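Here come two complexes built around chain A, the first alongside chain B, the second alongside chain C.
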Partner chain A sequence: MALLDRSEWYDVARATNWTPRYVTETDLFPPDLSDPFGLPMTAWEAFDEPYKVSYREYVKVQREKDSNAYSVKAALSRSKYYDSADEGYLSLLKLHYGAVSLTEYQACQAQGRMSRFSKAPGMRNTATFGMMDEMRHTQLQLFFPHELLARDRQFDWAHEAAHTKNWAVLGGRHTMDDIMMTRDAITTSIMLSFAFETGLTNLQMVGLASDSEAMGDFTFSNMITSIQSDEARHAQLGTPSIEILIKNGKKAEAQKALDISFWRVWRLFAILTGIPMDYYIPLKNRHMSFKEFMHEWVIKQFARQLSDIGLEKPWYWDLFLDDIENHHHCQQGGIWSWRPTVWWNPPGAVGPKERAWLEQKYPGWNDSYGRYWDVITGNLLDGHEEKTHPNCIPVICNMCQIPVSNRPGPKWKARVYQLDYQGKRFNFCTPVCKWIFEQEPERYKDFETIVDRMFSGVIDPPTLPQVLIYMGIGVVSNGGRDGYDYSWVDGHRKQAAE
Partner chain B sequence: MAFQKVCGKDDVWEGEMKAFTVEGTEIVVVHAEGGELRAIQSICPHQEVELVDGDLQGAVLTCRMHLWQFDVLTGKGVNPDHAELALYPLKLDGDDIYVDVAGIEPKFAKP
Partner chain C sequence: MTASKPATRSKNMAGPLLRGGEIAVAACEAIQEDNPEKQVVIEDHRTYVRVEAEGGLIIRRKTMEEILGRPFRMQELEVNLTGFSGQIETDENYMRWYLKLDL
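This part shows the complex of A and B:
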């Protein structure tokens, strides 16, 4: 039987809006779940997803991709790669799986809500495919690390992280709940599809695939590329939404949704991508610094995409550029110092050669972050490992849930931005996190940070052993230790002896 | 600027593509099935991924990363159809391939 070409029937098949007679339009599409901007159905019918696919094509292509991915997975059980893999690189993988695997499942639910509640037939159609894409991404990123469980229990966080209250998980979940689990269909398409996927993570996945290829881990690289190949379909959901909003006089609303979500995702992204690029990947395998990656890929492309669709750079662009120089260096220091609280083994990895590289890529590193590591290195050289574990509790940002920190040294920038609201004091890491809170305090005000929970009685007694159990450490797997067992200090020891 | 010799015709077999740098500009020479030769921009208009790593079937080039598809003969996007590749003038002199990159910039498309 001859088939019509997709272009001959696509527009007709996609026109699935109708006039409800038994319920009101508001009952069918409640504004809080659908479109709080109040655009008529006809405005949304102009939604046109540029990358088109039929269900028949979808099944054919996805079947081929899956059979490739699963044959790579089958080979993994015989692979010796992970027996001798670099511990820093393994940390990258554990961090990735713990942070990403079930976040893909959240994205699946977000796509599901867009496919139900959007007034745009094109969005409903594309989000249906997107829902299946994200389900596939969840399954792949659970199935691959499952193979590694026998060698290292920390890989269990791929599945368990989302079911714990680990501080790093709380940070990720707060953001993801904010941008994709608790928004209407239209805002979700801007926050998730445009700011999160198009703006940041699709680029990150391209970089991650090439990093793992450089590490000789073709299994992971193959899996990431297979996942990424689905993204053109559903990551395009945001662009037509933004264009329709602008056309109907709602540019400010679209811009605000973008500004909120881009910052929220950036704060996580720098930890997930920046730390591994500049600290976890062994020096000889690094092909660019995180800062170079951000400028060459994200900033250039994102700025062009924004202007192409008619939006402006977020108002905090200068603060964002400054954060690229600082945020992940701070968090590398923090995560390493509180290493027993995480599910990977973060390497300090600041031996003399690594420090020279950091100074070259981030001029001034030695005189700022270097000073922090000077103290740690000194303690390790003197045999005082116990002094490298802090006895204090960090101040946590009430928005991003990440410890408040900034540049140390002579150009000291660390400070907290505070707000008193309804008798309670809220702390923020930057003016941007504070601004996001101020946009909708009722939305955010009741969330307790991990430190709040130590004082409010949620973590009882608030002792270190109890805090660790609360965070899943020693429950799901052991917590972290220095990935290289302090061998990076040897270079400094030699230098000191000479 | 004018036509520069890039390679010999035998360097890019039918059904293959190869990347070259011409006066600082990255290009890909494509030898489509049927014998047609084209010089196209090296990166995908979507997210700047190298097109030479993609898949060529007939005259349709599929980018490896997000499966955007282009007709290399015309440069037009197949899916999505709003995208387009920049084509550089190409000529054959005997068995040598010449390309002129002057004044042509890679094209980008909305995500």
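This part shows the complex of A and C:
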């Protein structure tokens, strides 16, 4: 029996905006969950998803993707790759799984909200596939690290991280709750599908894949690029949303949703992708610097898409370009220094050769971040490992939940941006995080940072051992140590001797 | 497939990003065939191949079938399509990447 071509039936099959008779339209699509911008139903019926798929095609293609990902894993698990894998690279994997696996599961709910509450039938359809995509991603990223558990308990964070109050998890959760768990269907399609999935997931799922392939880990690179092929499809539901909002006089609203979410996700991805790319991957296996990836994927590709659909670059674009040069270098220093608080073993990995590479990719690195590492290196060479553990508490940004920091050295840029609101002082890392708070203070004001919790009595007594237990360290697994046990200092020792 | 890289790229490049595999190799060939008037730029980045041209590209189902020597559904390309630059249009007989604005 000959099948009709998809285009011959697709529009009819998707026309599912029936006229409700037993409830009002507002009951069926409450504005807070559906469309707070107040566009009429007919406006949303113009929604035409650019990347179309039928259920029949979806099942066939997804089956092929899955059988490929799982069979590559099965074939390569005999090679015992992970038994002799580089410790810095294993840290990349632990960070990835802990941050990503169950975030994908959360994304099922966000896709589910769009598939139920969007007034656009095309969005409901696309998001239904998106929901199943995210389920697949969760399953893959729980199953793949599971075999590594017997080898290293820190891989347990793939499943446990989301159930802890680790500071890094709090940062990720605060952002994800903001952009995809607590927004209406339309805003979610801009914040999650467009800003996050179209704009930034490529960095982790494709950019990092190139590095992991260079490391010989085909299981991982194959799995995450398979995931990205789903993202490339379902991320497309953001574009028609934005075009419809612009057409109906709501460009400012769409722009604001983009500006908020792009910054929030960027602050996380600089840590998640930027640090592993520029510090955890051994020098000889690095493909491009994080900055080079940002230029290819975001500054060129994503910014071009932005202008094509009628939006502007976010107002803070210059601050963003500057942040690409700084944020992940700051956080590499911070995370390494507070290494007992994380679930992976961050390598310092700034020997003489690595420093030369960093200076070449980020001119001025030696005179800024290099100075921070000079002190650490000096202490390690003098046999004072204990001095590399700071005895102070960082100031945490009340928006991104990440320690406030910026460029050190002669061109010192670190400062805190403060706001007094309802008798409380709030600290922010950048004018952008402060601006986001100011857009809706009531939304954000009651969230306590990990440091707030030490002062408010939530973490009692507020001592380092108690903080670590509160964060799941020593409970789920032991905390981090230097990934290479300080062997990267040897190059400096040799230099000093010469 | 051969990698080529021009010294400067225009602001109007669009096209697919393909991860390795039989379909990706065939797609690169098909794209060259389906866009004879275009200078197709292919950049190999290990896990993905960036295929782009000024103003975008098209790939046709018929061409894929000829190259693969078997029936091909356009949707199968998704297995290897990890992303793309520009915007996308999908149809059962072709897939197209394009930009609306000429900058």
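Going forward, the second predicted complex is superposed on the first by the 494 of 498 C-alpha atoms of A that agree within 3 Å, B and C clash if a C-alpha of one lies under 4 Å from a C-alpha of the other, contacts with A are read in each partner's own complex, and residues count from 1 in each chain.
Rule of thumb we're sticking to: contacts are C-beta pairs under 8 Å (C-beta built on N, C-alpha and C of every residue); 3 or more make two chains touch, one makes a residue touch a chain.
This structure is a prediction, so every number in the text was calculated from the model and none was measured.
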Chain A as common anchor, with chain B and chain C clashing or fitting: clash
Which of chain B and chain C A:A232 touches, first, second, both or neither: both
Chain B versus chain C as contact partner of A:N68, first or second or both or neither: second
Touching partner for A:A214 - first (chain B), second (chain C), both, neither: second
Which of chain B and chain C A:Y51 touches, first, second, both or neither: both
Contacts of A:L203 with chain B and chain C, given as first, second, both or neither: first
First (chain B), second (chain C), both or neither touched by A:D308: both
Partner contacting more residues of chain A (chain B vs chain C): C
Those residues of chain A which chain B touches in one complex and chain C touches in the other: 50-53, 61, 202, 206, 225, 228-229, 231-232, 236, 239, 301, 304-305, 308-309
Footprint of chain B on chain A - complex, ascending: 50-53, 61, 194, 198, 202-203, 206, 225, 228-229, 231-232, 235-236, 239, 297, 301, 304-305, 308-309
For the chain C and chain A complex, residues of the former touching the latter: 11, 17, 19, 45-48, 73, 75-76, 78-92, 99-101, 103
Interface residues, chain B side, partner chain A - complex: 46-49, 64-68, 79-83, 108-111
Chain A residues within the chain C interface of the complex: 5-7, 50-53, 57, 60-61, 64-65, 68, 202, 205-206, 209-210, 213-214, 221, 225, 228-229, 231-233, 236, 239, 287, 300-301, 304-305, 307-309
